[in-house]
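The following pair of complexes shares a single chain, subunit A, combined with subunit B in the former and subunit C in the latter.
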Partner chain A sequence: MAKAKMLTGCRAAAEGAKAAEVEVICSYPIRPYTAIMMELAKMVANGELNAEFVHGEGEHAQLSVVLGACAAGARAYTGSSGVGVTYAMELYSPMAGGRYPVQMTIADRTLDPPGDFGSEHTDAMCTRDNGWLLGWACSPQEVYDNTLIAYRVGEDHRVMLPQMVCQDGYFISHIPDKVTLGEMSQVKEFLPPYRPIGPLSLTHPVSHGPQIRPDQGAPMDAMRAQTFLAVPKVIEEATADFNRIFGRNYDPFVEQYKLADAEIAFFIMGAHSNTCRTAVDRLRKQGVKAGMARLRWVRPWPTHQLATALGHVKAIGVVETSTSYGGAMRGGNLIHELRASLYDLDERPLVTSFMGGLGGETIWPADFDNMAKVLTQAVKEKKVRNYVQWLGM
Partner chain B sequence: MQAFDYKYQQLEPVKSFKRVPGPEMYVPGHRTCAGCGPALNYRLVAKAAGKDTIFIGPTGCMYVANASYLCTPYAVSWIHAQITNGGAVASGIEAAFKIAMRKGRHAGPFPNIIVMAGDGGTVDIGLQAMSAMMYRNHKVLFICYDNESYANTGVQTSPMTPYGAATTFTPPGKEIPEGKTLFPKNAPQLVIGGHPAVKYVATTTIAHPLDLMNKVRKALSQPGPTFLHMLCPCPKGWLFDEKMTREMARLAVETGMWSMYEWENGTYKYTNVPKKYKPVGEYMKHQGRFAHLKPEHIAKMQAFVDEKIKQVQRPIPVAAAVPGKQ
Partner chain C sequence: MAKELPGYGTIDVPKDRVVPFGAVTPAPVCQQDLFQTSNWRIVRPVKDDEKCTRCLICYLSCPDACWVYKEEEDVMEWVNNFCKGCQICIQECPSGALTAVPELDFPDGVARLDKPF
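What follows is the complex of A and B.
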């Protein structure tokens, strides 16, 4: 097996795309994801990767170019960060509705204002209701791995959906960590070539995307909803294959860290889970039965897996790194869906949330200690005092 | 700039109506208005381009009124694009065929890739995507079927709507008697002036079908991006008798409202230049969108056209010399 190298998340994403032999790439500069495109540009220039590298004139164009490329049968790749993700908003629904399994890699960045390079998940979270597969990595290794897993799932004929592969800006995108790249034989075994369904062709004329009658809308939407019901099985298969072929150990949906006997738990995704794991270890040493559940996929949302993994916990603190101003829980996004996932349990855990890491701020071990205090208190009082608290304020 | 070194189609000019290709690539069964200029245009373009073609259709009448209820009139491959991104979607398709040919998945010929965009999808919300496609030197023919308004949304003013036209966003009233007060953009000059990769641009109308088809075929035989600006009268938006669609396009040329030309690698060639231009009123009087205008407004339009047709005698110099074919 290949030796581990020290790579940033950006480099790892580019290596993943190269391993997937992407064929049409469309770029536009915005930090911090830019470094992914800079790496790919070099690979194409050096002849290491046989691909068309198209300089998009904006993110809207990036998505449009890869949509066209995918419709014409190419494996296509693009990416963005922050306001770049939202500038392309028009294209997310046609991409998913047209069942074009392109991949968009995202290094999260805070949305304006204020101008800020730090990671916040709101950029990609804004797109979550448009029918894409959406998930977060917590290390450069996982970025590489998710790039391959997402293509395999998205291009599966039971799925045929675009994928957003996210990593936190800076924390993952720009800090090198150990990454073991796959051998070409492993990649070939895991990821078959893209087999488009009804691509634009000269020999078999097709029409992509005609209008419908209103009564044709509901059945089409229902078909997509049905597809999403089928996705979890495909993710499970792909993850199992990936683990076997590459010698990894991923839970398909939720990383469960010291959860089995936990009384309090952090629910988290992305980079800050690394600090969280250390914090859990420390709390354990102090006699606090803490654990962590780290979400790998937001779409499809693993409702039942979460209920199973977290049902026995007494109090859960959702660490939110995205905003949902005016939402039901007055803070972030994840708590809404987590609470909904637990609602049907006979005995429900208490659930509160913490706004942290906004603007790219670090969440420190001490912050987790404070969150643990709030959760322990909730257990004692058998209720949560607040839906949300803002860390450090 | 990388040369385009894929085998692409060479379409010979059609010498006479008798030799027009038979197969219809835009077939009956669509839902455009009676007398729809853009629909007639589509038929002629598709016929001229032939079967090895892929159309990109940004949102507009030629999407909505054609591709309704999950059925479409295109006998060749066609894809809907957003009104915003015809040029970009076409770029991606072109890139995909390049890689498919490099990897031996597609033996050829390189498809005729045609964006069929309305005026809004060309010079307004679609301008950025078109411009970038041309800058990047994709082998794509971008067609602006110009019906001089945002027709599909109920006839609103676009940058191609003429001065003085009543649209639903420029209704004439006490304060603004002429309706539209602005003068339109110059679409072909936008392309010619700023896109060195483009070597062929032409204008035509649906009243000149042979000329139209040959310009399509010539544009498709170029190795890079090309642009055609086609006048397609719209009875619903312009409020004229639907029997007069061709007549409207012909009068536009005869009055100087529209000029027919080809621009090839820096050189202009004007055709169908009338010996004596008719007054613009001869064109405007048939159209309800101009019915509210007073003589002084028509005089203003005449002055605009008089200025415009001066360029016909004195071809517009190109700002920067365009390098010849390698």
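What follows is the complex of A and C.
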């Protein structure tokens, strides 16, 4: 096994793309993800990676370039952050509908106003209903790993969907951590070359992206939805293969930390889960039976896996790192789907949420202590007082 | 788990409604009959051959290539299945040979069809 190196999340993403031998890359600068493209540009310039490196004139152009590249049969790679992600919004649905398995790497950045550059998950969460595979990493190592896993899942002929591989800006993208890069033999065993379906071709001309009739829209939607029924199995297979080949230990959908006997649990995704694990340990020392469930994929949402993992817990605190202003719980996005996932259980856990890590703020261990107090109180009172609490507000 | 939770159900798209994967179709073809796009037309251009001078301005101005010049008969031919009734050709025709006629005036008008085609 190769020796671990200290790499930032950005470098890890670039190493993942290099290992996947991406053939077309389209860049446009916006921090914090820019460093990924800087690393890739260096690799291409140094001859370490044989890829076409295209400078897009904006994020909309970036996505258009990789759509075309993927239609021509190339393994394509792009990325963005914050408002860059939302500027490309028009392309997300056609990318999924046209079944182009490109990969977009995201280092999260808060959306404007007014030009905050801290980390927040709202950017990529905005795109979640467009038919992409969408998931978060919690370390540079997982960024590298998810880059390969996402390509493998997305390019599977049972799937053929684009993937967003997300990492928290700065917390992961710019803080180095130990990363063990795979050997090329491992990567080759895990990730077969991209085999396009009906690519653009001079010898077998095809037409991509035609106008369809309204009565053809519903079947197309249904066929995409049908695909999402098949995705979980492909993710399970790919994760199992990845664990075997690279010697890792990922749960396909939900990392469960000290959850088996937990009475209260944090439901979280991304970088702040690292603090959360420490906080859980500390709470355990104080006699609080805390645990953590960390979401690895938002799309497809692991409904049954969450019900199984969290069904026995008495109270769950969803740590939201994205906003859903005016939503059912008036807080973030995750609580809605978590509550829906638990609804059919005979004994449902109490669920509340905490707005934290917004605009780039750190969620400190003391914040988790305070959240634990709210959850313990909820257990005692057998009800949650509020759907949402804003940390520090 | 004690209780079985609801599943996601199954999705069966009827065979006659299946759309090509990713809407990728063979090309080039003169007319892509898998994806006909004229069923939202409200009016259609009707041509007066006496006034038509075959200047081909309709051919040039149509965004969907729905005017074809038939050289042997020396007439312009209108393409029913793809004309969306935008009336650009009617606006652009310098000799006033084209008129907008409501779809309901035709027995096969798309507004009358039970199914799109």
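Convention: the second predicted complex is superposed on the first by the 393 of 393 C-alpha atoms of A that agree within 3 Å, B and C clash if a C-alpha of one lies under 4 Å from a C-alpha of the other, contacts with A are read in each partner's own complex, and residues count from 1 in each chain.
Everything that follows uses one rule, which is that contacts are C-beta pairs under 8 Å (C-beta built on N, C-alpha and C of every residue); 3 or more make two chains touch, one makes a residue touch a chain.
Everything quoted here is computed from the prediction, not taken from an experiment.
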Side-by-side fit of subunit B and subunit C on subunit A, or clash: clash
Partner chain in contact with A:Met223 - subunit B first, subunit C second, else both or neither: second
Contacts of A:Lys285 with subunit B and subunit C, given as first, second, both or neither: neither
Touching partner for A:Gly97 - first (subunit B), second (subunit C), both, neither: second
First (subunit B), second (subunit C), both or neither touched by A:Gly68: first
Partner chain(s) touched by A:Thr308 [first = subunit B, second = subunit C, both, neither]: second
Touching partner for A:Val54 - first (subunit B), second (subunit C), both, neither: first
Touched partner set for A:His208, first subunit B, second subunit C, both or neither: both
First (subunit B), second (subunit C), both or neither touched by A:Lys382: neither
First (subunit B), second (subunit C), both or neither touched by A:Lys3: neither
Colliding region between subunit C and subunit B, picked from 80-88, 98-106, 134-142 or 242-250 after the shared-chain fit: 242-250
Residues of subunit A that lie at the interface with subunit B and also at the interface with subunit C: 204-213, 216
Of subunit A, residues touching subunit C in the complex: 97-100, 160, 197-198, 204-216, 218-220, 222-223, 225-226, 229, 303-304, 307-308, 311, 344-346
Contact set on subunit A toward subunit B in their complex: 23-24, 26, 50-52, 54-58, 60-61, 64-74, 76, 90-91, 94, 200-202, 204-213, 216
Subunit A-touching residues of subunit C, taken from the complex the two chains share: 1-3, 5-6, 8, 10-11, 13-14, 17-19, 21-29, 32, 34-37, 39-40, 115-117
Residue numbers on subunit B that touch subunit A, as the complex places them: 51-54, 56, 63-64, 67-72, 74-82, 84-85, 88-100, 102-103, 105, 109, 111, 128-129, 131-132, 135-136
